[in-house]
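Shown next, in structure tokens, is the structure this report addresses.
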Amino acid sequence: MTKLIRPSGRAADELRQISLETNVTRYAEGSCLAKFGHTHVLCTASWSDSVPGWMRGSGKGWVTGEYGMLPRATHTRGSREAARGKQSGRTQEIQRLIGRSLRSVMDLAALGENQITIDCDVLQADGGTRTAAITGGFVALALACRYLVEEGVITENPVRKQAAAISVGLFQDTPVLDLDYPEDSGGEGDMNVVKSSDGGFIEVQGTGEERPMTRAELATLLELAEKGCSELFDAQRAVLEEDD
Amino acid sequence: MTKLIRPSGRAADELRQISLETNVTRYAEGSCLAKFGHTHVLCTASWSDSVPGWMRGSGKGWVTGEYGMLPRATHTRGSREAARGKQSGRTQEIQRLIGRSLRSVMDLAALGENQITIDCDVLQADGGTRTAAITGGFVALALACRYLVEEGVITENPVRKQAAAISVGLFQDTPVLDLDYPEDSGGEGDMNVVKSSDGGFIEVQGTGEERPMTRAELATLLELAEKGCSELFDAQRAVLEEDD
Amino acid sequence: MTKLIRPSGRAADELRQISLETNVTRYAEGSCLAKFGHTHVLCTASWSDSVPGWMRGSGKGWVTGEYGMLPRATHTRGSREAARGKQSGRTQEIQRLIGRSLRSVMDLAALGENQITIDCDVLQADGGTRTAAITGGFVALALACRYLVEEGVITENPVRKQAAAISVGLFQDTPVLDLDYPEDSGGEGDMNVVKSSDGGFIEVQGTGEERPMTRAELATLLELAEKGCSELFDAQRAVLEEDD
Amino acid sequence: MTKLIRPSGRAADELRQISLETNVTRYAEGSCLAKFGHTHVLCTASWSDSVPGWMRGSGKGWVTGEYGMLPRATHTRGSREAARGKQSGRTQEIQRLIGRSLRSVMDLAALGENQITIDCDVLQADGGTRTAAITGGFVALALACRYLVEEGVITENPVRKQAAAISVGLFQDTPVLDLDYPEDSGGEGDMNVVKSSDGGFIEVQGTGEERPMTRAELATLLELAEKGCSELFDAQRAVLEEDD
Amino acid sequence: MTKLIRPSGRAADELRQISLETNVTRYAEGSCLAKFGHTHVLCTASWSDSVPGWMRGSGKGWVTGEYGMLPRATHTRGSREAARGKQSGRTQEIQRLIGRSLRSVMDLAALGENQITIDCDVLQADGGTRTAAITGGFVALALACRYLVEEGVITENPVRKQAAAISVGLFQDTPVLDLDYPEDSGGEGDMNVVKSSDGGFIEVQGTGEERPMTRAELATLLELAEKGCSELFDAQRAVLEEDD
Amino acid sequence: MTKLIRPSGRAADELRQISLETNVTRYAEGSCLAKFGHTHVLCTASWSDSVPGWMRGSGKGWVTGEYGMLPRATHTRGSREAARGKQSGRTQEIQRLIGRSLRSVMDLAALGENQITIDCDVLQADGGTRTAAITGGFVALALACRYLVEEGVITENPVRKQAAAISVGLFQDTPVLDLDYPEDSGGEGDMNVVKSSDGGFIEVQGTGEERPMTRAELATLLELAEKGCSELFDAQRAVLEEDD
């Protein structure tokens, strides 16, 4: 792994500069601006005391994710989804992933019949927006839950563990951690991995873009992802403790 | 693994009854009715000599997938997507998966500027519809390519290898192959795996529904999926040779 | 009428091969795969205990129809209505026709506040899809009503008579029964006729495609349609009795 | 037929007061405000030198119809289709009928590659809006064609015959002509008939609302419609000659 | 101001011929056909006893405006908003303006929990459609309120003052009143002004189309608008008294 | 004016703290984060060498604006327009205003056939988002034009003057400058004013929310707005010179 020159000059198992800035908006119950290098995602957690219709009376709460990208978050301007009148398949796929991932670390019964919506809006994109969204979205969610306990809306904090996500992939046939855009578009394959802080895998989504991947490569990628998520869990804990 | 009683009575590493019936519609350039037990997906391959705008002049072709479910393919009737006026996020996610998977085994340059659309319509659903769609969709695609060569539209068959897909998952904490609906909805986690016939993994999409999965579990699931895909490759070859 | 050579070789007053296969899907309360020659329509009847809002409290039930065509049911692939985001005017026109026709043979009060949705999905089209949909849709509806009585949901079978439909038209200026696609697109005019088994006309929709039709021609076409519907009523009774 | 008291006091075979006022708008190439009693439809014909894509290069023209109802054209306000974001199935059905009917009396080759759009907007509705739309739409179309000849856009008038439409139906089991709203909603069945001035039937759309209709009843209704259309043809000729 | 030759020959401070015809439709609780020269807008007021959800229980009523233009109200045919599937930004802007303007002269508490919808449909357009809509819409609203009092739906007439609107603008750098289409499209800037009959300004919307306007020009334009609205208030009173 | 206590403690003619931060995104040809107190709008200018279809061949360019608000930019979360599938009337109204305002200070011929899209996305809202959008949007536009000249895309800078916008209104019957949310929602009326740096008024949009405004009040509000815009022009010049 020593000879690889990543476009960014990073080592193969090196994350980009990670920054999780909290309380960045005035109104949201929780917020976090997650930066993975040049990828900047603004995550807000919004509380509502009304859950989706099919959950009413269940005594349980719900966490859902929404995702958007500002039109000029990217090299060339993309059309505005609100103007086009629909969200792309990619957007919906990512929204579903955010929601599933964050619900998996929550005790929805402890949340009571409350809903928390995590909005993840990409201000600037350089690869890995969904992983920054999940990692920052967790921080926003945790802050909102803490706030709901403080305000007496719920009595027990429903967050059971942390959730964080990172991408891994093959670039010039070498497994690398936390792909930026040049690596993402020029690599052979990639995998988005969502982990929980107790060591388990919540989601694994791998695609052989240019060629299928071998079982051995998949195993190495999972290992790399574990290292990356471990560092992200540390970063999350640092800002959550500081905020406390 | 010996004591598990799957709802269907199958062994943990046993596929459902697989049937790939070819040439089931009168008009499509290729067609296959794929049955994985009670899951029935009608796959058709439709040829067009016009590729998407952004590909024109590239000399290359395109393969795309569309997916739909008849409203009463399931236990309770779902609303018709055409009537609702949009395709669900789930539908779009599956369509994108089908397209990526099938393109990955094609030589798009050998296809010339032709497009093949694979329509996968679920007549009856009992879990695993996307894996049946990919497995049957490949057969429809291969038949259509063969037809295009026979008709002189292209000179070389652009199919480079086979693609097949199967689901695996944890049911009562035991890894099992080819989940049916009761296992899918009652299990701890599941993974959809798309493989190519040269042994590689094209797509891996795993979700810990009830709990995160360990790295060891993921490894076992991938192994099970390899066994399942290997049997599906045999089934595909059998019908494609018979049809030849 | 003796000299006409129909493209299919049929006599002018001859139906295509009719097949009404029942119980073709695992979940629907009633189902029928209706084949009029190469036209294949899968009809399912789905029960719900909730009626449209404007009917609540009326004590009456409702029967509604939905219609769709698989993209490659036809010679050349049509776009998927769910992807386009709306149903065509033709689709909606046919849906309304199916609903009106089937309601007209029902005692909606005897149905109680239950709704039955008849989904008619065209797997393969060769002309006459709406007539096959109504004819097969009636069988699915009758089976579902029988099932609701058996299950004790309603006490009295609300089906009062049979409904069946057939197309008639002018081909090379000769009135013919049950047009297939070449006759439909190459003829001078056509009429879709829905009858009830007590001899009445429920719907008559005639169009002079190439030239207006005379009153005498209309009369002959209605007569032909009566013959056709009569044979369809026999076919329906045969499968409903067999199923009983 | 003598004893029937129609709500309006009309004889069974009596049209409502018919008025076809021409040149009612300042800009359209042809226009006609058609009044059938309290039913008022504003019909305009708009010329464009561009035909739909699939017709380009054919040397032929096209006539198409659009239909709308002002929200308060009726007893109770209906929602605005533009605000709802889609046209109802009923609207689309009527639009298709208007287009087919008017094209059938045109020589589309003589029209050259020109398109005429007939907009039929219902200002006030009291039953029979589609028949007033077709009858008035024909007048607008004829005026526009005359104008195109005068302006030298085309050399030959492409109108071959007149088209007019009327409704007939069973009210208290008696066949009546030109149903108004109370008759339309309270009758047993009705039929919309479009005729061409050479005596033929262009469209026949009959529905047994409350009960199926017999073949004899259908024959009587067609006869009544012939009488009605004959009077409408006279009215059209009167205004077209006057305008000339 | 003496030398200006307006395309219409009007003096700079001269309105077009104004006509406010009342009770022009059979069903609406109030109606007015407002003509400002060749601009003709049909305004209807429709009563409903149900207010928007967010107002229920407030004891107050609501007035809302909807606006549409017939496709051939203009020189060249515009596409039908219902067919395009959405209302343009311009349409929505005008609708919001109509609603705000008319609500501002009402005592919504005196209206009780009733809603009045003002539909303004442009039959013919020659500039100033929104001002004719507001001026005529007020008349329809006033008639509907009078009717609701007469019918005993409400006990007190909730109309507190009149609302009227007119456009003013710079044409060849001279301030002119009530712009027609040639002035509107060829002028340097224009302003739509809504006034209430007690002398106040409800809405002022000015745009420097070709060049910014000075503060002095704005002052002159407001003055001109006062003169115009004053004449419109007279015209409204005339028809409302006559109708009484 | 001395006794007024504005909720923020500002003097009646005092702007909020204004900040125009440039080059805040990595990819846009020009960008500016405009802050008017707690109102934060991210403005980007994106260049494209293709103009709208109706402008092609005109030799002129185009400037257009798009506007969006992040769901949780406000006190309570609003629904995401992309998810709802359409932009609100308010959004479209603002977009049109931004585009008109910025085009009015440009020489579109000097821009050549290039289009610049100004995206204004509200990250946090506290009243006055449209005025911050225009003021910051102008800065982004100016930077993009400077860049296009530097890159040789165009030879002459097409920016002719500055554009800036501010709101004014009546709060407790006193005219105040630059309304924040409490003033906007609690005041008697407000006006958004767009000015160009040569002293003219580009847009004036005033609404008497609670009561009509007098001509004298309008005059005072315009005067206040002139003062505010003058300060904004200074702020724009400061950052544009610094950036140069």
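When the chains are written out, they are named A, B, C, D, E and F in that same order, and each has its own residue count from 1.
In the analysis below, a contact is a pair of C-beta atoms (placed from the backbone, for glycine too) under 8 Å apart; a residue touches a chain by one contact, two chains touch by 3 or more.
Remember, it's a predicted structure, so these values are computed and weren't measured experimentally.
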Touching both chain A and chain E, which chains are there? F
Mind checking the rotation angle between the two copies, chain E and chain F? C-alpha superposition, nearest 5 degrees is fine. 180
Taking each chain's centre as the mean of its CA atoms, the one lying farthest from the centre of chain A is chain D
What is the distance in Å between the mean C-alpha positions of chain B and chain D? 51
Where chain A and chain B are represented by their mean Cα positions, the distance between them in whole Å: 28
Give the residues of chain C touching no fewer than two other chains, as numbers and ranges. 85-86
Which of line, ring, star, complete or other matches the graph of chains that touch? ring
Chain E-touching residues of chain D, taken from the complex the two chains share: 25-28, 31, 38, 42, 44, 46, 48, 66, 68, 70-77, 80-87, 91, 117, 119, 121, 123-124, 126
For chain A, which residues are in contact with chain B within the complex? 86, 88-90, 92-93, 95-96, 100, 104, 191, 195-196, 198-208, 211-215, 218-219, 222-223, 226
